[in-house]
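Mind looking over this structure? Questions follow.
Naming follows writing order (A, B, C and D), and every chain is counted from residue 1.
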């Protein structure tokens, strides 16, 4: 067995000990994981972002407009002193403002409008079963939307509709749970395969 | 008007494919602005109750009584541009107001350095408002790791060591959701979760005491802060929903009568 | 000034990007690209530096106070070793940096991920109680999905899998669609409030 | 040592999965409509047409994503479809190259003629949009450092209009960007092989036509393997998967039995 597999196997088992409870072995592995993962992100960000997008174009190619993001970025460091802390609000303003500006049309288009028009399907165009499905989807969308209606107490017709909506929601959550279990089990099966085949060499 | 738009389109300033989105966007924005600025003063309608909300007070009270900390985390999936994160920070501000008053420790681990910066600001202000800025500890609002399972391992460790009485999982969560919720459960914490990540909702519903589903998170931030403008926008959203339902019903009837029509396609 | 000015910057840049979305003009595209690609990434990179520094500071202070000394040292060694390895041998395939990534970080991350399988088991044992009508539906839907995605569904009948598929792509999908529509609206109003300066949590609330 | 009921649930899971893995076995499956639709789509592509495959996943989900990716690659290579690989995640890069290389070898496909791997570009939205304008400008070189213009199969491939479609292999929500930018803006056909957890998330997109076809999870991989008539790890892990599912169902039932019993005795 090569050294890398040995280390990987030991660390895998160390993390699994958490299933019993928190313990020094898990804690040591956790501390190492946190440190190494921050280090990894730091290196990748340094090379892919700061070098490729900022320092090289700015200092080698003289792409001067990049001074603006450089200044904004530097303002983040204002946080280290109480008196200059407010400077970091400017880069924050750029991030939050542009994020909001982009989000409004993008969310409206992809999430809301397209989903609305996909719900509209002509009836009596195909089989009777297709019509049943269409009506169920329409009812599901409308009743679930009514569950998210906040401006009035849910009594009477609204109460009935939102109650029906909860059943649709639970159907969705249940189905999603079932599908997600499948993913989670696959990952675990993957780790077992590593331990049995590569680490312990019990299967081939 | 049509002349202006024709000119704009011909010079490629307006993308014709996106015109429907622009029109719908302007209508929606109009409704939100109207509700926010002109109807704000009107009497507060009787809003529907959100079960998770009362639990927020209960959770803070419980932590105070037991003299154990509160753990609050916004999940690995969001960044500061995400509206969910902003709603979560709003609720954080409310929780911090209370923990400052009752002198209860509030621990906030996050995966995003920008969120950390903003959260520090929010919590510091809450403590200042309560007149006890000296009790604010910057270290409690901490950046743990940007990697998904590095973050999950770190928060897991925090939960098992601090044994918080209450845990708030409000924001955008990915696969780490159940790891955190089950660990929180094993230390006997009361857990309030809320997210717009639909997959994780199914896990939160199974594993947590209270769950704010999707939009409920946005509404909750309005209820808790008592901010009139947020409540107004909740009302605006409701008006838009009514419009959508009317549209769906009308368009389906129309499409059935005239299957070749397409005005309802965006 | 310290609040109003950032507020103004936020509103203006937001408005700009909103407008730009609807245009196909090369100038609009380039504004969009400059802000989303360069500004977001670069500002985030600097914020990461701030986060790393504060992470190191907290741990160094902890070591000084003698709290969890060993664990904090392990974290810091992990943190420092990655940039050092990258600096000396680079980050290409086969470098020590990638060796640590492949044999330390990836297996541990995958294992934390695999813990989920166990937590699914404990949550299933504890959380799926048929306390009410909706809770019963939740439980039933989960079981139908689980059976249909294993081999047992096929052994029972092909109809069963078809039924499970139908549930997934009709009633279940419609609820997901309604959530999506609602979140779209919620995001719209929150974003709008941010641009109008009604939402100021990110600036820290003013002291009363 | 204090053992709680959750510990017993943990031990039970480990025992059943390990035993199932040691036993092994390969059951027969009836393919679902989703898998059949994807199979028909790939089979309908003319030999020689170019398809882009995007590895949008991390290393930690490889146990589930690997079989899905291989099933697709095998089908595409056996049909003589030419593949251009990219990755939107840094972690998917090495894996994507390895998968294409290994599977390509099985079908005697040659790098540069039958398939090529361009590598990773940061900021997914920016990468997708940039390729919509020009792939060669986004990737002046491929993963191995060859110049774009020197790669024979890329002659004439300028942007998405020269590509029959994109197949995203994803463990998370990255496929959304392919639909919201690649499809909405440039009209490219998007199909996906995804982790089972993501299936219900993408259902509305599949129903609205923003996504063309989708195959999900290990079960999807096993179904696809049976459709193209080759064995793979998707089928091999299915026994463990089935046993794990049954185990979870047993736990749900057990939990309810305990719950109703305690309620019953509580009432007395």
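Basically, a residue touches a chain if its C-beta (ideal position, glycine included) is under 8 Å from a C-beta of that chain, and two chains touch if they have at least 3 such contacts.
Just so you know, these numbers come straight off a predicted model, no measurement behind them.
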item	value
Chains most often in contact, by C-beta pairs	A-C
Most centrally placed chain - per-chain CA mean versus overall CA mean	A
Between subunit B and subunit D, centroid-to-centroid distance (C-alpha), Å	31
Subunit B and subunit C: spacing of chain centres that average the CA atoms, whole Å	14
Euclidean distance of C-alpha centroids - subunit C vs subunit D, Å	20
Computed distance of Cα centres, subunit B from subunit A, in Å	14
Touching two or more other chains - residues of subunit A	15, 18-19, 27, 29-30, 33-34, 36-38, 40-41, 44, 49, 76, 79, 92, 95-96, 98-100, 102-106, 108-110, 112, 114-119, 138, 141-142, 145, 148, 169, 172-177, 179-182, 184-185, 187-188, 190-191
Shared-contact residues (touching 2 or more other chains) in subunit C	21-22, 36-37, 40-41, 43-44, 47-48, 50, 52, 55, 105-106, 108-110, 112-113, 115-118, 120, 122, 124, 126-128, 138-139, 142-143, 146, 149, 168, 172-173, 176-177, 179-183, 185, 187-188, 190-192, 194, 202-203
Residues within subunit D bordering two or more other chains	6, 10, 13, 60-62, 122, 196-201, 204, 207, 217, 219, 241, 244-245, 248
Residue numbers on subunit C that touch subunit D, as the complex places them	33, 36-37, 40-41, 93, 106, 109-110, 113, 117-118, 120-122, 124-131, 139, 142-143, 146-147, 149-152, 154, 158, 161-162, 165, 168-169, 172-173, 176-177, 180
Residues of subunit B that touch subunit D when the two form their complex	149, 174-175, 182, 186, 198-199
Subunit B partner contacts - residues on subunit A that touch it in the complex	15, 18, 21-22, 26-27, 29-30, 33-34, 36-38, 40-41, 76, 79, 85, 88, 92, 95-96, 98-100, 102-105, 108-109, 112-114, 116-117, 119-125, 134, 138, 141-142, 145-146, 148-154, 169, 172-174, 176-177, 180, 184
Touching residues (chain side subunit B, partner subunit C) in the complex	11-15, 18-19, 21-22, 28-29, 32-33, 36, 80-81, 83-84, 86-87, 89-90, 93, 112-114, 116-118, 121-122, 124-126, 128-129, 138-139, 142-144, 146-150, 152-153, 175, 178-179, 181-183, 185, 196, 198, 203, 205-207, 213-215, 217-218, 229-230, 233-234, 236-237, 240-241, 244
Complex interface listing, subunit A residues touching subunit C	4-5, 7-9, 11-12, 14-16, 18-19, 27-47, 49-50, 53-54, 65-66, 68-70, 72-74, 76-77, 79-80, 86, 89-108, 110-112, 115-116, 118-119, 133, 136-142, 144-145, 147-148, 165-182, 184-185, 187-188, 190-191, 194
